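Two complexes come next, and they have one chain in common, chain A, joined by chain B in the first and chain C in the second.
Up next is the complex of A and B:
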């Protein structure tokens, strides 16, 4: 069927992603004109690298939110995964494959604990994950005594660089471990949600749990899958964070839950479940990242930066809300 | 109360109730609890060692607690718990002096003594103990940065948060010193927060490098600042062009110091700081008059400013290629 441009625009206007992308586009145009450093390949790579950790976690949390649950214990999961993995890597050598396998294994196991508690006891997921956040983190700090791991295996410290490129100022950039992991995890999440039967079941579960159960979905299996996937992303994220920070600190990751949650919800995922897209999450994350980055580049005093971050979030969310309201009114008239 | 402390407390309570003599725990000595900025990081672990050591030596039941995240509201909560527990002395390393002021005043009204560290502007305290002179500490680091920058060019300053009291006093002193002595140097923009968290300092540095291409120096007040900034500078291979100077822990900064990225680190010994807080608490509890030149047990003579409730013992620690290994051996 042939669609006119006006129709396409009308359809787009109803999408949350459209409004988010518009706000980002305006920001990008403004920052490109106002600063020299913003619209450069180097800045693009830097942003991807420094937000990869939050991004990978956001991908995992998106899946949980769509399924109608919530998980805030993932930062503690990540801390444990990274601590155990790096401790063993220092002791036994290991290699890239085994450190990732190990971190993912730890993440998945801890995710499974969440899933079993939430599904079997029928307690709300936020309470369970607040509890497990405290248990996981408390145990980690208790067992490790809060000690940092400063020296990582040298192959790990060096990281991975593909297509390294050195520019005129001798600053090098390329596809590094962080960016690779971010791309891979977003792709897998997209495939999981959009190209598999399980993905549709996850949407259905979040949309209406009762209906999903009556349709004969195995809710327990879906929950296991969702929370283990969150654990998996936490495992992956924890390693690329350790690589970037060149150390493992048991206390630095916990506390970042809200940054991740903010990105996912800003990206249109609903806390009530059933709604959310990978594209939206990418955009939500991009908005937060570009704001922080742009404010420094443009030279806004740090004393003002939080104010502007809040303002832009409010603007972009209102744009969506207004369009949704107009849509509802329109429906009534028809 | 942090989690570790809760666990310990639960353990202690269990032991006390089993022995059937719960009062004994209180009667054993006066209790002092030091509230720090965040629990579980190496800096405050080292401080805790000093608190415990002094507690043992002076017969004070001294311990340390801290919030799980850098959040002044959580400090308030911890202090409220301590007031309810009726401890004899509260020690505090404040995050935000305005936020903790009312609750400290309540503590004092309840007859609890308040000893702060890194809190020269904290109202509602009996004494503030420093191991360094704040102005001098800022100036010494600026002097070092200026030397590495050839006394000219642009630099930026990081602090823990824009309201962390001491970080900002050091920063003010350093910037004032630069304006007076190094006219060819220039502060590129207002100071940045984030020097307490490696990831934040890293991100900020990547952005700053692009926003100010002529940047020659980064001065960080906050123990993770030089690490995050150093990692970014090393990654961008800018170690020769940009000098990083600031407060850093020897064991954490070693590789960056060895690589010449962090030119020099400055600190005082956190174990001494913890020790000093308890030592001063001892003097206060014993009702000794505190005046200039007083001998603080275990630390030596102190400069005392009675009107401003300041006690200073001069102990700046310089961390560079020559000193880093011996300091690490000392457990820092």
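Up next is the complex of A and C:
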């Protein structure tokens, strides 16, 4: 009995998620003791709300990375989805269901363009998505003239609140649209990757493309699915971002693609494909969010927060590489 | 400026010979030349003689070097099978370092020290770049972290330092000789263009004619095989990221000179465009292939499109979209030819 517990610990120690969770736990304990504002329900809800946009995109990018590809055009996809949807919502007075359906449709279509270019023309995914980022973004700003949309439909502006709770200071919080969307998208991504046949195929494709092909997987269909799923998450993320910002700006989302990539790779996903978990991505995102939040709470000037984020990324990826190397050496000795 | 005279006297001739050789032998370059001629013909018809005027050509030559030097910095890491996402943030931090010393020490100094502080400032900028480059190279080569993750980290960290130190403010008001680098001309040729030529030639020589260059290509094709053939791959990779970082510093100098100011977040939209330029110029994003001649052609193509669109009063954002389209089109050509049954 005692031994199996030691085994469990040994197994845990090898997991990237274990180390990430340990670092987060230390950070949480430190911040709870050192600051007043950290361990409050309100701070928790605020963090979830403000990181929902990056989180939903991270879920989509995780799937792409596991399949062995990469996508950095999703911020442009999100900008287009957001703009078209809100333009039509203003014009025809749509409802919740139809705005999400529309944004998802736009996202999926643009994702399909990526998949077709990558698969049919055999161009590497990083090149295709750099090109489509420029094409999507360039055309959007060209066509719209870079104009913001400030007036959103009033029902959209109000948003959604469940279990609303007003505290002593009259600040209300609860399960809002952003948090709900974040939870739903992470759940769907987890189900896709862990509970479906397609999920296993995506891992297999990223692990060894040649083998997956010889086993008779339909690689084209998988690619379509993966990049369309990325587009779907971009569509959902774009709407909850517009709801939070209470406006649509064609130029503010592009440039955030590397932030999302940072969260996913901090969570242990490999750029070589085949590796990565939803839990890891949640933890990677949590680390970035809690660290930036904590820096502000302990009074570090927000001008310096980016420096610490970079430092943590660098230390984390270095530590992961070192431990992987030690493991390899250990295996050789055995 | 602090160039080694040997390169300046030998550079242009040798570069020209190699350029012509490279242009006629290489399939990618042939395609790019055809594309360039077609573009010039179309824009010439659309715009008329204004497109060929001295002012237009000169303005192209003013704009090209910024993206050009940054693309060089990106290209050599791509050739080695890596990537340097930190080039823009490095350029900005170095420019801020130079601008800080120049704005605080140069105005009060006289005579010898007036020139002295400017040279010290440039070397300080290069020193900052060297530190960043060695950090990137060390983490990638000796710790074995993938280049994209490493440079994503240093990019964020370096930009963080620049923002933290300046609180996002702009440093401006540089001494005249520096402004001349960005805005002056020598015999009608923009100084920045001469700087570009002065850094591109030694890089071309380094890649084409030195053991380090040969090793860089080999590492890009197959790092393991290169290591087993007895080459100290780690040292070569360290050197590649050091050079890339120093090139970024030169780009920072040129940008600072052109804008007469420095800031933590100038030119950020160029980051992915440098990859676009390099890949369009025949650099394999997986490493191992790519020549300076191709990159130069690709830069000229991008600049011609941008300048022509400007003359036609098209939005600069449409330029971005066309750049992306051209990249996909050029990358797709080999595959389409294969499908149509042409042999390459």
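Definition applied: the second predicted complex is superposed on the first by the 324 of 334 C-alpha atoms of A that agree within 3 Å, B and C clash if a C-alpha of one lies under 4 Å from a C-alpha of the other, contacts with A are read in each partner's own complex, and residues count from 1 in each chain.
Operating definition for what follows: contacts are C-beta pairs under 8 Å (C-beta built on N, C-alpha and C of every residue); 3 or more make two chains touch, one makes a residue touch a chain.
Small disclaimer: the values here were computed from a predicted structure and weren't measured.
Participant: Following the superposition defined at the top, how do chain B and chain C come out on chain A, clash or fit?
Facilitator: Clash: chain B and chain C overlap once superposed on chain A.
Participant: Touching A:258 in the superposition: chain B (first), chain C (second), both, neither?
Facilitator: Second partner only, chain C.
Participant: Go through the superposed model and pick first if A:77 touches only chain B, second if only chain C, both, or neither.
Facilitator: After superposing on A, A:77 lies clear of both chain B and chain C.
Participant: In the overlaid three-chain picture, which partner chain does A:43 touch, first (chain B) or second (chain C), both, or neither?
Facilitator: first
Participant: For A:303, using the defined touch cut-off, is the partner it touches chain B, chain C, both, or neither? Pick first, second, both or neither.
Facilitator: Both chain B and chain C are touched by A:303.
Participant: Which partner does A:277 contact after superposing on A: first (chain B), second (chain C), both, neither?
Facilitator: neither
Participant: In the superposed arrangement, does A:121 touch chain B (first), chain C (second), both or neither?
Facilitator: A:121 contacts chain C only, not chain B.
Participant: Is A:238 in contact with chain B, with chain C, with both, or with neither (first, second, both, neither)?
Facilitator: After superposition on chain A, A:238 lies in contact with neither partner.
Participant: Applying the document's definition of touch, where does A:134 land relative to chain B and chain C: first, second, both, or neither?
Facilitator: Touch status of A:134: both partners.
Participant: Go through the superposed model and pick first if A:223 touches only chain B, second if only chain C, both, or neither.
Facilitator: neither
Participant: Which one of 132-140, 222-230 or 312-320 is the stretch of chain C that crashes into chain B?
Facilitator: Clashes with chain B appear only in stretch 312-320.
Participant: On chain A, what residues does chain B touch that chain C touches as well?
Facilitator: In chain A, residues 134, 137-138, 141-142, 145-146, 255, 301, 303 are touched by chain B and also by chain C.
Participant: Okay, in this complex, where on chain C does chain A touch?
Facilitator: Within the complex, chain C touches chain A at residues 85, 139, 143-146, 148-150, 152-161, 163-164, 167-168, 268-269, 272-273, 275-276, 279, 285-286, 314-315, 317-325, 327-328, 331-332, 335-336.
Participant: In the complex of these two chains, what residues of chain A are touching chain C?
Facilitator: 72, 117, 121-124, 126-128, 130-135, 137-142, 145-146, 255, 258, 261-262, 265, 271-272, 301, 303-311, 313-314, 317-318, 320-322, 324-325
Participant: Any idea which chain B residues touch chain A in the complex?
Facilitator: For this pair, the touching residues of chain B are 2-4, 7, 38-42, 45, 68-70, 162, 189-193, 197-199, 202-204, 206-208, 210-211, 213, 227-228, 231, 236-238, 251-252, 254-255.
Participant: Considering only the defined contacts, which chain A positions touch chain B in the complex?
Facilitator: Chain A residues touching chain B: 35, 37, 40, 42-43, 46, 49-50, 53, 134, 137-138, 141-142, 145-148, 150-151, 170-172, 241, 244-247, 249-252, 254-255, 292-293, 296-299, 301-303.
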